[in-house]
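Dropping the structure in here first, questions after.
Think of it as A, B, C and D in the order they're written, each chain with its own count starting at 1.
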Amino acid sequence: MNDPTAARPDAEQRARDWWRSAIIDMQPGVIRYRGYAIEDLIRQHTSLAQMIWLLTRGELPSRAQAALLEAALMAAVDHGPQAPSVAIARMAATCGVGLNSAMASGLNVLGDVHGGAGEQALALYEQVATRLDAGMAMADAVREALAEQVRQHGKTIPGFGHRFHPVDPRTAPLLERVDEAAAAGEVTGRFAAIGRTIEDALAAGGPRRIPMNIDGVTAVIYGELGFPAPLARGLFCLSRSVGLLAHAWEQTQQGGRIKGPLPKAWTPSYDGPAARAVPGGANAPPQAQGK
Amino acid sequence: MNDPTAARPDAEQRARDWWRSAIIDMQPGVIRYRGYAIEDLIRQHTSLAQMIWLLTRGELPSRAQAALLEAALMAAVDHGPQAPSVAIARMAATCGVGLNSAMASGLNVLGDVHGGAGEQALALYEQVATRLDAGMAMADAVREALAEQVRQHGKTIPGFGHRFHPVDPRTAPLLERVDEAAAAGEVTGRFAAIGRTIEDALAAGGPRRIPMNIDGVTAVIYGELGFPAPLARGLFCLSRSVGLLAHAWEQTQQGGRIKGPLPKAWTPSYDGPAARAVPGGANAPPQAQGK
Amino acid sequence: MNDPTAARPDAEQRARDWWRSAIIDMQPGVIRYRGYAIEDLIRQHTSLAQMIWLLTRGELPSRAQAALLEAALMAAVDHGPQAPSVAIARMAATCGVGLNSAMASGLNVLGDVHGGAGEQALALYEQVATRLDAGMAMADAVREALAEQVRQHGKTIPGFGHRFHPVDPRTAPLLERVDEAAAAGEVTGRFAAIGRTIEDALAAGGPRRIPMNIDGVTAVIYGELGFPAPLARGLFCLSRSVGLLAHAWEQTQQGGRIKGPLPKAWTPSYDGPAARAVPGGANAPPQAQGK
Amino acid sequence: MNDPTAARPDAEQRARDWWRSAIIDMQPGVIRYRGYAIEDLIRQHTSLAQMIWLLTRGELPSRAQAALLEAALMAAVDHGPQAPSVAIARMAATCGVGLNSAMASGLNVLGDVHGGAGEQALALYEQVATRLDAGMAMADAVREALAEQVRQHGKTIPGFGHRFHPVDPRTAPLLERVDEAAAAGEVTGRFAAIGRTIEDALAAGGPRRIPMNIDGVTAVIYGELGFPAPLARGLFCLSRSVGLLAHAWEQTQQGGRIKGPLPKAWTPSYDGPAARAVPGGANAPPQAQGK
């Protein structure tokens, strides 16, 4: 750890402080994450999920907590090349950039719409939890939070329903994992109850069930484990990066150069103006048309 | 242009329609932008600013309109490496990626905070303009729009004031260009009046003048030329890309490998936990600390 | 300009020097590009192309040189959404990221394969020019440089031939512009001659003409104007950014959420293993299969 | 799995085949990775490392193999904000883009120079392994491969030596993990032997030891596990993404807007031309200077 009392020119210290961090402490020959020496972490068989937790939150989780986190990360790795993020990573891989840039190009588009549903679902659950903390009953808390959600963000409830899967095959087995952890006292089960109550409330409000999807169930897990909503986005990004790598790599193996979205020689449909002359005589400046 | 009556398998047509565009019509040997053949555009000495306008808005502007657009684009090309976008492009250039990726890395961070002020300023001006259209007097329209702006987004008014420049040296000469265009009847001068009135209103409300900055004045120009606010962001991105290229290139010429933000061997300050042992005996799983 | 003799703590100066630049000099209220005050540049109607030249090369070009540069930049702005860069920008625009990130995502893939042909063509031309400088005749210089090109990089000659256009409609009018500039003494015409001789040599060596394409002709222009080959990539990136913006914007206007490469509900073909059981009994760790 | 004999319009099938993949098979309600149903994988407690292996290579590894892979991934998660990738992620987090874009911006620069050493080290090891396969003795194989490496890529041997750490604290404990796996018959130990022999050869050739670093030792692990060299880059990207997330998140918690590389108000040093007048009289076009 840097000694704050050491004599050092103020300006250098100011520059160092501009980049201060509590994540990593480095000295020549020394790397400590949140105070733990890297060699100790390696020798203790610290898992990748534990390391993710340690770096983002400051402390090591229990093995059981880490295993639940790992289940969420493992289950969301990929949803195929019809997802724009994956299509982008595959296209990029054929354009002469490295695997890092292919992955980054896909990761970059996991924004509010494509990658934000987990974060939004957890934010919704937190709205319910806040009401529970204030003494409200679960059904009331869910009803109020849903009404507020619809008022602010519209009728699509993040984490529920899926364009492609009538029932998302990832939801049930992940909820089982939460239930097992709750039974073992590793988590409280509160967010699972919130999620299920929301699902019931949505079914009661319409003609058919709108089941919890992967974003809804991973938000349950992240909520159980105490992750704040914005980190849910980051965790999803870590998870989906696995699929981005796998697809970029598969595309590299398949070959192809400058892969576009359509088979070669299929040009997009054009629906703009018909062919027309540029205004003005030859070599004269075009006249105004834009007014 | 594609012939919609041509016999073609429905599925292929659906795929083509999935990517329909009014920007470009391509046939073998033919490229038309918004209906204009590229060879005609080249032979007519169509300017880059005219092309930017044509592609984003569908019609060619007059030379005078294009010249005003060009002034805005030209004036905002760079603000030095203390801007994170530029620092990023320079760092990237030392990491083994191409100029395209160095530029993209910088461009990517021109988000709401770093690159959005022009868009936000133009949106504010549009709020004033809507009130003017409804018959309100300028001073009232500005007062109301500013009050609404502060209510929704806080006291920092986008497009006015600068952390570094007491007076932004780009503002006055660009406003002159607007005034000249207004005198020539190429633009109405309405957005220049809006911007100036906002500046006066801000001065009246506080101890010192908060002068219009580059974002505020380019928003005036884009407003005068009829660009919608979201495109102001895009135009700024085009403009700043010039600086990103120049800095990435200069860094390449300077050399350097894996350039970080601080001179080599200056490590960031660490303010996390002191050195500590990983819980659990040797080779045993760590115990829970994360609960 | 910073005064190198000013008394300032060494450490701060070292940090500033870590980011030194000859592109922009900033003081409060002052912005100078390569020594020119921004207000003077604006008032002199400096064009965007002149500014690009100034920032990347250090001096202002003549109006005629800038006009030739502008023609190259203007002509290459877009080639439609079947190009992966453009498809990526359009997809990104539907995923909840800003226009800046949509543009960056497309720009990022203009790597060696998708965006590097202009750079490679200019590098080839420079190989010819070096031989001309050494006194070799044009035909010999081209023959040798082409042979070396094929030996090192294979039979596809960058800048010549096009998958889609039998004849690239951008080539002839741009070469006319070069010829006009050469007739006016603004450029020497040497690179146009090199490009045409390469085209002839390729025709002589095969059954059909392989005409110069947009990358080949813009490389001629950049060569005539004295840009080094790596900057040709950067200039192409600036140019194509216009198309990226226009397409991202058009997609935004069209709407759509999480736009993938195929129409909704079209899933990619799967050619992997048939359905199979995970090895190991229920809740048992899977057994090794990966050895 | 799609039935290739099913009647379907040819054009749609061509479009689907354009995006074929062996990674994921999706039907409504069904997700199978490489043939394994996601619900089975979740219920079997498949680890994240196993999933990474499955998606990139097609089969599940043993638990022990996955644990060794996980150790390599876990140990390389972060090296602090003086690394440009991390500094970029932190800057980006202050610019108004999402965590996904902050992570992508950092990931994007893990190119050949900043992120490629592991890939390059493994490629070198593979050169040695090829010679061993041909019957050459270890010392000879290493000597030849090193000579070839120096001839092609210069004297810096990827995976050995560290600018900051005299001895990289991650190397010894990771080699222990390889040795344990080799003792258990899970890996052969061949790549550990290659890496150690290279280290010895480098020590013999110079005045001081140049110890194996994190890139060298993770390349040993990836080689032992049968990953090809280009995937080593991808695996490093997955690993370092954890650090990118943690730092982007920490920066978000710290706050800050438009964080540049230097403390606010420290401007970079300028070393370009002194202030000068734009050539040409007021409002006249600048004269040529660029020739």
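Definition applied: a residue touches a chain if its C-beta (ideal position, glycine included) is under 8 Å from a C-beta of that chain, and two chains touch if they have at least 3 such contacts.
Because the structure is predicted, anything quoted here is derived from the model rather than measured.
K.L.:
Just tell me the minimum hop count from subunit B to subunit D, counting one hop per pair of touching chains.
P.N.:
Step count on the best path from subunit B to subunit D: 1.
K.L.:
Could you quickly compare A-B and A-C and let me know which has more C-beta contacts?
P.N.:
By number of C-beta pairs in contact, A-B is the larger.
K.L.:
How far is the middle of subunit A from the middle of subunit B, if each middle is the mean of its Cα atoms, in Å?
P.N.:
Those two chain centres are 26 Å apart.
K.L.:
With chain centres taken as the means of their Cα atoms, state the distance from subunit A to subunit D in Å.
P.N.:
Centre separation, subunit A to subunit D: 20 Å.
K.L.:
When the C-alpha atoms of subunit A and subunit C are each averaged to a single point, how far apart are the two points in Å?
P.N.:
The answer is 32 Å.
K.L.:
So which stretches of subunit B touch two or more other chains?
P.N.:
Answer for subunit B, listing residues that touch two or more other chains: 12, 14-15, 18-19, 21-24, 26, 37, 41, 43, 45-46, 50, 80-82, 87, 96-98, 100-101, 104-105, 108-112, 115-116, 164, 261-262, 266-268.
K.L.:
Which bits of subunit B are touching subunit C when the two form their complex?
P.N.:
Contacts found on subunit B: 14-15, 18-19, 21-24, 26, 28-31, 33, 37-39, 41-43, 45-52, 55-56, 67, 70-71, 73-75, 77-82, 87, 90, 98-101, 103-105, 107-112, 115-116, 164-170, 172-174, 176-177, 230-231, 233-235, 237-238, 241-243, 245-250, 252, 262-263, 266.
K.L.:
Which residues of subunit A touch subunit B in their complex?
P.N.:
Touch residues, subunit A against subunit B: 1-2, 12-13, 15-27, 32, 34-37, 40-41, 43-46, 50, 53, 57-65, 96-98, 100-101, 108, 226, 261-262, 266-280, 282-291.
K.L.:
What part of subunit D is in contact with subunit B in the complex they form?
P.N.:
9-12, 14-15, 80-85, 87-88, 91-92, 94-97, 101, 104-105, 108-116, 163-164, 257-262, 264-268
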